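Presented below are the structures under discussion, each in the form of structure tokens.
Shared between the two complexes below is chain A, which has chain B as its partner in the first and chain C in the second.
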Partner chain A sequence: MAAVGFRNWARALSRGKQPGFSALLSQVRAASGPSKGMLPGPYPKTPEERAAAAKKYNMRAEDYEPIPDHGEGYGDYPQLPDRSQHERDPWYSWDHPDLRRNWGEPIHWDFDMFIRNRVDTSPSPVDWHTMCKHLFGFIGFMMLMFYLGEKFPSYQPVAPKQYPYSSLHLERGGDPEKQPEERERTNVAGSKAKSAAEERHAEGERP
Partner chain B sequence: MADYREAPLATRPKTLDPAEYFNLSLDQRRAEEERAGLRAQLKRQYQMQLNNPHRKELIEDPALTRWVYARTNPYNHFRATKKTSLLGGLFGVVPLFVLYYVLKTDRVWMR
Partner chain C sequence: MGAHLARRYITETETEPDPAKPFGFDPEFGFNERKEREMVASQAQMNLAQVPVLQRDYCAHHLIKLMKCKRDNWPNFLACKHERHDWDYCEHQDYVMRMKEYERERRLQMRKKRVEEAQAA
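The block that comes next holds the complex of A and B.
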């Protein structure tokens, strides 16, 4: 379709009665392709216009219902049911099987939204309220649990890392002359071994 | 399947519609026949073109041409009503001011 438009533009430029740019403005359209009567037009007001529009779109006059005109620019395009191509019979011999559409069949305004890769309006396996309950219930539960986890943290006891000897007094920029202050040390690992060594030491001293 | 209820945005398949089984008046049957007639004519046209051994070009679909034309030329029938003006203002004018304000204040704060 874009190729057709470009061809018209190029043709208008090369062949137009007025030279150059003004040829583009003169609404020249190629003689090939659909006539004016076969293209979409303005919103139909009289029953004759409706019948003609229905015939144009290959629909029954009773089935044809133009999209209600609130000024958006739909013209006389028919309002077809908002059903996705997912819902069409997969076993029928369509002319275009991937689109599940026959040649010449009127196309929904949002057809490119309703193709089989996109929006699916077919019935869901579970009904709406069950789906809502499940989804929001799960999300709500997870949010609650994460909130509680932030409020009441629970982890293995940890302490700052402790270094032997002068507890990195020099490395931390302490004065070499001054004595390091005594830091309180907690005996975590090896406390049992240390007390056993102390006992042996004490026993050894005793004769 | 008797208690099947469809989701609000989904539809009931035609084969599960009870109206198809219980309310087949003559008018509806006639309507279905007319629709089938239209379908058959279109199918015939397509098949004639498809299986024509002398055909060298692509088969043009007028419904597709009309759809493309309708989608690309809405402004021919556009009218400035309350609804269209509101939508145009909401999506076209307000974001300009909002974005200007947001970006301006954001940058001033960051500096």
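The block that comes next holds the complex of A and C.
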């Protein structure tokens, strides 16, 4: 490729009409790309131009429809349906199975977007409104249930746990000067009997 | 299991106690004698043992013994069964007392309601 380019460059320099560097810029193109006749051209205006463009893009004349010209510069490129490759038959034996395309088939303008790794235009199993109803219904229901859970919490039927030293006033970072006076912690009735039982239990297993 | 929730929210909404609020009745009411709970481990001892704040309850002395036993017997993690049981039993007693306190509060509330209805009648 570089050798071909160099020869072109040398030939253009020796034969070109303009002197110097401008001689290099004209008509120097590698042979590996499409030929002049295969490239897109201007928007077709006459039926003959349409027929020629359809032939160029390997389409039937009745199928060929150029992209409407609003000044974006699409030229005579055909307008193909905006369907991604996901929607094509997966079981048909395509020439290129990964791209689901046959040789010579006209390529969509956004073909690289519509490959199977990217944008998928296939229809969803459920229609849009059903999807919205289901999603927002579920979210709304969950929010309602969480709200009810805050209003009516579930708890065990036990009193709050009691902590010593004025419910750990100093340990929780309280001011040493100010001691909050709470009601004293008391044992359940029969405290004497209970502490005796505790002693018996503590000494029960050890000699 | 859960009958207290039905009582609290549906059937007896005035008398079922709310554990989030402090219990208002006198702790000695209805008992002949009741002594204050005694705390065995001192604050200095709990600080030295680096007991987590939420575990500095009335069973902390058992927990400190358990921690010492585990520290001494590592890596034998099966060693401290007796100390662990002591601590567990103390915590169990504490939980049973919490259940009893709740029930006591509930019965006092119902008694209060009965007394008020008798006075109104």
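For the reader, a short list of remarks on this structure follows.
Please note the rule applied: the second predicted complex is superposed on the first by the 104 of 207 C-alpha atoms of A that agree within 3 Å, B and C clash if a C-alpha of one lies under 4 Å from a C-alpha of the other, contacts with A are read in each partner's own complex, and residues count from 1 in each chain.
We adopt the following convention: contacts are C-beta pairs under 8 Å (C-beta built on N, C-alpha and C of every residue); 3 or more make two chains touch, one makes a residue touch a chain.
None of these values were measured; they are calculated from a predicted model.
Comparing chain B with chain C, more residues of chain A are touched by B. In the superposition on chain A, A:Leu168 makes contact with chain C only, while chain B stays out of contact range.
Shared-chain residue A:Ser122: touches chain B; no touch with chain C.
Contacts of A:Ile107 after superposition: chain B is touched, whereas chain C is not reached. Contact with chain C, but none with chain B, is seen for A:Pro157 once the two complexes are overlaid on the shared chain. According to the touch criterion, chain A has no shared surface contacted by chain B in one complex and chain C in the other.
Across the complex, chain A is touched by residues 2, 4-5, 9, 19, 23, 27-28, 31-37, 39, 43, 46, 53, 56-58, 82, 86, 89, 93-95, 97-103, 105 of chain C. Contact residues on chain A toward chain C in their complex (touch as defined above): 152, 154-155, 157-165, 168, 170-172, 183-189, 191, 194, 198, 201-202, 205-206. Those residues of chain A that touch chain B in the complex are listed here as 1, 33-34, 38-40, 42-43, 56-60, 62-63, 69-75, 77, 81, 83, 87, 95, 102-107, 109, 111, 121-124, 127-128, 131. If you check the complex, the residues on chain B that touch chain A are 4-13, 31, 34-35, 38-39, 42-43, 45-46, 59-81, 83-84.
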